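Next up: some structures, all given as structure tokens.
Look at the two complexes coming up: chain A is in both, with chain B in one and chain C in the other.
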Partner chain A sequence: MSSTAQTWTTKTGTRASGLFGVAAILVVIVAAGAPFLVSRDIVQDLFFILTMLVLAQNWNLLAGYAGLLSIGQQAFVGFGAYSMFGMVILLGVDPLLATLLAGFFAMLLAIPAGFFSFRLQGAYFGVGTWVIAEAVRLVVAQWKALGGGTGTSLPGEARKAMFGVEFLKDTFDMKTSQASDAIAYWFALVLAAATVLLFYRILRTRQGLGLAAVRDNETAARALGVNAQRMKVFVYLTTAFVTGITGALIYLQKARISPDAAFSVTDWTAYVLFIVVIGGIGTIEGPIVGMIVFFVLQKTLSDFGSVYLLILGFIGIATMIFAPAGLWGLFSARTGIQLFPIRRRLVLNGSDHIAQNTREGGFNG
Partner chain B sequence: MNIIDTLVQGILLGGLYALFAAGLSIVFGIMRLVNLAHGDLIIFAAFAILTITSMFGLNPFVSALIAAPLMFAAGWLLQYFLLNRTLGKDILPPLLVTFGLSIIIQNGLLEGFAADSRRVPLGSLEAATIPLGAVNIGVMPLLTFLSAIVVIVGLNTLIYRAPIGRAFRATSDDPVTAGLMGIRPQRIFATATGLAMVVVTVAALYLGTRANFDPSAGPSRLIYAFEAVIIGGLGSLWGTLAGGVVLGVAQTIGATINPEWQILAGHIAFLAVLAFKPRGFFPRAVD
Partner chain C sequence: MTLLQLDGISKSFGALTVADDITFSVSEGEALGIIGPNGAGKSTLFNLITGTIGADKGSIRFLGEDVTRVSPMQRCLSGIGRTFQIPQPFEKLTVFENLLVAGAFGQQRGEREVASECAEILVETGLIAEANKPAGSLSLLQRKRLELARALATKPKLLLLDEIAGGLTEGECAVLVETIRAVHRRGVTVIWIEHVLHALNSVVDHLLVLHFGRVLGLGAPQDMMNSQEVREIYLGMEV
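Presenting the complex of A and B:
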């Protein structure tokens, strides 16, 4: 024991994460200008990337941190989208406000969905969530006011009257479709940034530590007083909320909905699963990397139709077998770089010196 | 009597669902593996039977006899070289790999056979019925149900009476100790999946001859199989028959009220069982 007054504090940030944080802010600022700088096609591509990234971050939090291997997230995408359409068509709510409110409807659905699916363990939980999504799809397909099984379109007047459209048209001389695309894009940008920040924040709190502990060893975590069940319910409801908003936003931009598309297991769960796993599950960087890979693959292979999915399936399986930590996991293990560090390190006050023993045995693996 | 007719048709439909579920159940029972490609493997087997039938002009039953050993081999290889690598404490790898497999089979079939609905032709047997008082019982639905019983009796005999069944149970309980006793767990697992694929072939024969199928029909078969397993209770093969029957009856009752409600009625029955009897009717497994 040394008698000198050395004080130690815990720290999570690193030099790499600090630099990355600055770079990320710049990227978001530049990205915000996209509707003025690039063509509408590119804005739509960026919109697709951002919304899929949000879905991927949500699934990553569910599966990678809370151990909830849901294959039924399309329930919240579809239900969020349909509640937005319902509010706009039946109640005349502003589409943008309806998109936000859709999150609450999705969370409302998550209460009974969780009641049923939490009775199943492990992989059976996954199939259970899938059955619930199917049941919700079949019920929604009976909703004749919203087109039943064939679906419906968002009324053109509602899009024209949407908050901000008039302003963009007058100020920047945009067409209605261009303006509503730009608004949807900005919404997606804010949503993606907010989701990443929110989840990073959650993971850095006491609760996040508990979550990681539950993932690594549920029995041990519970023995230390972590309420595993409450954490899981919290994550399930939070991700339902964000997934619901994302679903509504995606269909705000598409402006046309049908039960089969909105509750598609391929579009809203399979793709998302592959994005997360290829990028690296259990890290915030993983889904971002996975999203980039997924987008490049889709752009190069989309002409091949079903072969594209075939290849995606093979890549997903190969990743899981040969590199279960994903691309980011490989990179991070080689370089030690973390852009969203969660691990607490003991740092001597007034220096960058790191206590040796805290380097090992983190919960970021 | 209409209601008796509905019940009888529902019970017989349950036989088909029990056949879907039995394969899923033994793979889970022995390896704790939930095979998300199970439904797609059923559709794959149905296409195999269809191809053999049309290529050689054979009776579908004979085609199924030819397809069964091929499916056994496919299942054996799949388990030995791919799925065994995913087994372990973490449940994500098997889930993701079988999900990937499901996507690969669906899109592979789509490439090979296009998206058209197919049916295995069965001639006069397709519509043959046995009049039984107030109800007409279809020969094929009846054969399906009887086959389900034969399959379950056969599997139970194999698992609880035969040496290979002892090896299954031992490996399931403790692969390491079973290994010390001269059992090779990897091969036992491969054999179990091969066996499940034989059951899948039987299921595919009756699915393919009684209804239309297409490359995208797999996931709903997985869901029916899963519902039957959960309703019946994990780990019990007779439970899968009970679960299949509950599901089949719920679906036929739903369909008589409104044809659009058939599948939904099955899901509701499943959710009701989950709410009131979360471990199913005949639970066997402790976990």
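Presenting the complex of A and C:
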């Protein structure tokens, strides 16, 4: 007998998220000017931050959403980087183009890697991915044309001839190394922004909702019609692709590669895991916050050598125990602020207060 | 018309036989109750029907199709909805999002298309005030309601309910019975496992008695309750 029609709608955005969106666009625009505004050292620091952020977002999607606790992401970093070197050195492909194509090679590797590791559950999956990464490292170390176990350098001519270098040298009077650093940096900036936007989009679609359901309870998700397996495969392949591009980009900037470095579990999985755990797993904001903390720690503690690793491990474990939702989780729970909101809020007639507006029904009789 | 047909379904966990040559069928529009002592294999039977566990022997047909080897996901899509005896909410999602998952995936439709339908189910099951709270913060009773609400959101043709009335007060139980009746009237076929017999018998047309994984009897509720065998193994324990 209700006289007014009730219209239920779904809302995701918040005021904070709208403001943040505008601010984020401004930050990206300003950041794009960095190669003209700050020293090469700082550009390299920013490059490091951006590429690690991309790796962290990928691991977050894998572990925090698809429940795939991989500790073998270095397989895709290393394989992406090596396939880029291979394309440049053996086929003469432009390094920038080769970096993009490296994503496809990493995804190709993910097909057999997933075929084996997806047979394993939970922690065994993690160990399996690590074993696969080690196996790929051993095989790549046999690749004599790319320096075998000792590795090789990116030919100087290839860097000089890279797309955009000539233009920067002529127009802004940069040196080759400076120009290629700037190009790698812009690539990283675009990659980081695109990754964050893409993942945010995925999480806001139906697929993202299904992914969160699988993360929370796979049995229930399957019983409700969610194709859990297909979602996991999709995430695994997508993250392999992006991780492969990132690996290639990192080694494009380094211009020197070796199997031990490119397939390092510490650099490309342990640090990444630390970033995600510290910041907060299962949110887009978490890895961003974690990345900032990680960078500050690295700058201040790197003189301590191996004690640095111990401290990182200690902070990581303490976070897992005392703040399992990470720093962002703590902050967000206190303030209710979400910069990348994905919650679907049910609203009645445009108002958030459904409880007050609705006659209680059902069991409460 | 026969909606669900089980033929010689058997399942063992090691030496323990939990389903022993189970054969029965359920017609479209029927409401079937299942009773039996603890550990009789009632929940296991649901897991077999939904595919959460696979049968060792026998076949299951739903809507005339053999679904014995079909995944739980596909069985849901073809119209089998269920609740879990131990609630399995998506804890980090809100109550409303729990239903959105069920609606959007179970019916293969867009989130927006099912949103108001999900909201109405929340009103019907008394969860609307909790809509935007994380499911992990619900009490056990609310979790049970969420199980029912989520199953309804998939728009099932066959609804499997596993002990959703336990722990309710007299009044709450009456409302629950009304809700299930209403769902049944809409044409949904119901199979309901329940220890609260008066609630069960006020809804179902037939009663199936399960004991040690075997079908001990299947018939009108009154006949089953009066059977000597059933009284001994089941009611004897209740009183």
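What we mean here is this: the second predicted complex is superposed on the first by the 341 of 365 C-alpha atoms of A that agree within 3 Å, B and C clash if a C-alpha of one lies under 4 Å from a C-alpha of the other, contacts with A are read in each partner's own complex, and residues count from 1 in each chain.
To be clear about the criterion, a residue touches a chain if its C-beta (ideal position, glycine included) is under 8 Å from a C-beta of that chain, and two chains touch if they have at least 3 such contacts.
Computed from a prediction, not measured in an experiment: that's the story for all the values here.
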{"item": "First (chain B), second (chain C), both or neither touched by A:R119", "value": "first"}
{"item": "First (chain B), second (chain C), both or neither touched by A:A63", "value": "first"}
{"item": "Which of chain B and chain C A:W8 touches, first, second, both or neither", "value": "second"}
{"item": "First, second, both or neither for A:S306, with chain B first and chain C second", "value": "first"}
{"item": "Touching partner for A:N227 - first (chain B), second (chain C), both, neither", "value": "second"}
{"item": "Which of chain B and chain C A:R343 touches, first, second, both or neither", "value": "second"}
{"item": "Overlap of chain C and chain B interfaces on chain A (superposed complexes)", "value": "none"}
{"item": "For the chain C and chain A complex, residues of the former touching the latter", "value": "50, 52, 71-73, 76-77, 82, 84, 88-94, 96-98, 100-102, 104-108, 110-112, 115-116, 118-120, 122-129, 131-132, 145, 150, 154, 168, 171-172, 174-176, 179"}
{"item": "Of chain A, residues touching chain C in the complex", "value": "7-10, 206, 209-210, 212-213, 215-217, 219-228, 282, 343-346, 348, 352, 354-355, 358-365"}
{"item": "Chain A residues within the chain B interface of the complex", "value": "63, 69, 71, 115-116, 119-124, 126-128, 130-132, 134-135, 138-139, 141-142, 149, 265-266, 270, 273-274, 277, 281, 306-307, 309-310, 312-314, 316-317, 320-321, 324"}
{"item": "Chain B to chain A touching residues, read off their complex", "value": "34, 36, 82, 85-86, 91-97, 99-104, 106-108, 110-111, 219-220, 222-223, 226-227, 230, 260, 263-264, 267-268, 270-271, 274-275, 278, 287"}
